[in-house]
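The structure appears right after this line, and notes come after that.
Each chain gets a letter, A, B, C, D, E and F, in the order it is written, and its residues are counted from 1.
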Amino acid sequence: MTTIAPIEYGDASPQVRAVYDDIKKTRNVPDVNNFWKYLARDPVTLQRTWQSVKEVMTPGALDALTKELIYVAVSVTNGCAYCIATHTAAARKAGMTEAMFGELMAVVGMANETNRLANGYRVPIDDNLK
Amino acid sequence: MTTIAPIEYGDASPQVRAVYDDIKKTRNVPDVNNFWKYLARDPVTLQRTWQSVKEVMTPGALDALTKELIYVAVSVTNGCAYCIATHTAAARKAGMTEAMFGELMAVVGMANETNRLANGYRVPIDDNLK
Amino acid sequence: MTTIAPIEYGDASPQVRAVYDDIKKTRNVPDVNNFWKYLARDPVTLQRTWQSVKEVMTPGALDALTKELIYVAVSVTNGCAYCIATHTAAARKAGMTEAMFGELMAVVGMANETNRLANGYRVPIDDNLK
Amino acid sequence: MTTIAPIEYGDASPQVRAVYDDIKKTRNVPDVNNFWKYLARDPVTLQRTWQSVKEVMTPGALDALTKELIYVAVSVTNGCAYCIATHTAAARKAGMTEAMFGELMAVVGMANETNRLANGYRVPIDDNLK
Amino acid sequence: MTTIAPIEYGDASPQVRAVYDDIKKTRNVPDVNNFWKYLARDPVTLQRTWQSVKEVMTPGALDALTKELIYVAVSVTNGCAYCIATHTAAARKAGMTEAMFGELMAVVGMANETNRLANGYRVPIDDNLK
Amino acid sequence: MTTIAPIEYGDASPQVRAVYDDIKKTRNVPDVNNFWKYLARDPVTLQRTWQSVKEVMTPGALDALTKELIYVAVSVTNGCAYCIATHTAAARKAGMTEAMFGELMAVVGMANETNRLANGYRVPIDDNLK
């Protein structure tokens, strides 16, 4: 079994369909992304991951756009091409403008740079921040 | 020269002092963080890094708080203890509440998890996102 | 010399052929993977890397399957697409079932999440674990 | 609020106590680790993370020891000192011997090395593994 | 605006063209790489990044080749396919031979391995290096 | 066996002592670093790692200093505090001046930044570099 195939709605078990239905309803989309179709190979992980993502991404103290910007920042730092593509699209849908995207990238780039400068210079944590 | 010492204001060259002064004025703080005192060993890098950070972190399309949340997200993902300490403090100063911190951590954690699920399941980018 | 070409068996030097032969015999495969064909550009690194991999991956206190699961866990965490492809295949060959793959991904995802929660909450090591 | 304090059992809300109680019962330990005491600042994340970890780490197609070895492999790759300490201890409790630890480290080290060799040599995925 | 397009010289604003012109003159190349054409969507980031890269990569205490080798080492460690491609080419242009490339990869691989062994064995910093 | 102890020369087996002796002779140092004393818990890994490091770090097409600079670049990128400490010291011993250190850090920082900009802007590899 070397070939891994995504599970489309028509081929899905009732358990998987229930998750797909909730994703489509929650996000108001006609179909779910490949991510969910591949994860569906393991219905337990599919279910848990969706429930967690749904809970975590619901607007609360942080709004939907801010949460998507954070998601993109992590994905770009980790170099996950799939996650960069989907969450950049999600951020745009949530209101991210071109100017916001530019500033997001600038902050992510700078943070990755100064993280390493702090490592390399072996900077100890300031007493008032311990 | 195995010992690396931070450069305090009183021992700094005029070039380094000018950077310290601008940091203190821009951020309205009585002293600069250890990061800058260690970076001061290389005045050219100190100057460039500060100018870049200053430009990048100035509120624009994204406000100061959002930028600090992104900075924390990157630093947590990279595991930079120094940067986590300083930018969590900066985010608080910019208005991050405990509830916001909790949601920030939740999104960062979830993004790091799903980044790896996307890698491991070898999920191809959806056609409409290419 | 911008084009990097893999070295096929027929074009290989005796030193490189000897490594290819040992890989094919040890793994009982008709040909070596691209990894070795590219590494063959530097016969010293090819030789050392194969000897190390061979020694490390030989079943000992941990069996072959467990070692491949660990290899996949690292490769997924690092986002190395090539290594994910080859070591997932190797794990399957060593007996990894679909259910095992699902649980492997679930653990890798969760570990990457909690690693960042531990970073972000700045959790100190418990006294009894120091 | 610059100081982040762990929440001990005696100071915890009923919701947090219920999670602590379940952790202690599930793992048969007298007290929960610092990780949970810090996470308790955000009871929603505490609850979700524990439920997820509990589900993921329950022996299934992979046994408890194998899951802990994978957890250590990820934590070592990410350089999360806290997670290395706790999950190495958990792996030992689940039966990891010194010989197993040595082989685990050897595989993790080798995987991190060959991941980069594959990156640097720009090795394309073998046709039969696409 | 889901499609991100690179900005070619003929379509660029005077501000962007000035950066392109300086890149072409500094590096003595007929056209700029895709990196700059994509970054041009945010002229402020384009300008700052180019100024920084130009300043940092100018030969000084370290020569141009050594700087490119370091750039490749970081890019390989991070798994940035784009950066590996461009900076490996730049290193070759600066004089990197095949033998140098082989040794660079060997050091990068070994460093990534021993970084994890140090993490996993929880090795404390030697007293004379603190 | 929760406590991991380094193995000092006087307590080492003949196999471990032979490695220590070779390290001391090769590097002309009175004692080996903690790294080797902790790795000695697994004599097979100690032996293989030392042989590999010795082979890789021997001056060849790249000199000793350049190799140490690359080692530091990787360690800083990965945030391995132990490796940063030891290899920065080794680089100094091999001739790294303060000016070189400053430029090394500047390049490492910039590479980590532009790696993420390339990721985030989803820059495709230039046709002539494929």
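Worth a mention:
In this section, a residue touches a chain if its C-beta (ideal position, glycine included) is under 8 Å from a C-beta of that chain, and two chains touch if they have at least 3 such contacts.
Remember, predicted model here, so these are calculated numbers, not experimental data.
The chains in contact with subunit E and with subunit F alike are A, B, C, D.
Taking each chain's centre as the mean of its CA atoms, D is the chain most distant from subunit E. Between the Cα centres of subunit D and subunit F there is a gap of 27 Å. Counting partners per residue, subunit A has 2, 41, 44-45, 48-49, 52, 56, 77-81, 85, 89, 99, 102-106, 108-110, 112-115, 117, 119, 121-122, 129 as the residues that reach two or more other chains.
Interface of subunit C with subunit F (complex): residues 2, 44, 48, 52, 55-56, 128-129. Touching subunit A in their complex are the following residues of subunit E: 1-2, 41-42, 44-45, 48-49, 78-80.
For subunit D in complex with subunit C, the residues that touch the partner chain are 4, 33-35, 38-39, 41, 45, 49, 52-53, 56-57, 60-62, 66-67, 69-71, 73-75, 77-78, 80-83, 85-87, 89, 97, 99-100, 102-104, 106-108, 110-115, 117-119, 121-126, 129-130.
Interface of subunit D with subunit E (complex): residues 72, 76-77, 79, 81, 84-85, 88, 104-105, 108-110, 112-117, 119-122. The part of subunit D that touches subunit F in the complex is made up of residues 79, 89, 92, 98-99, 101-103, 105-106, 109.
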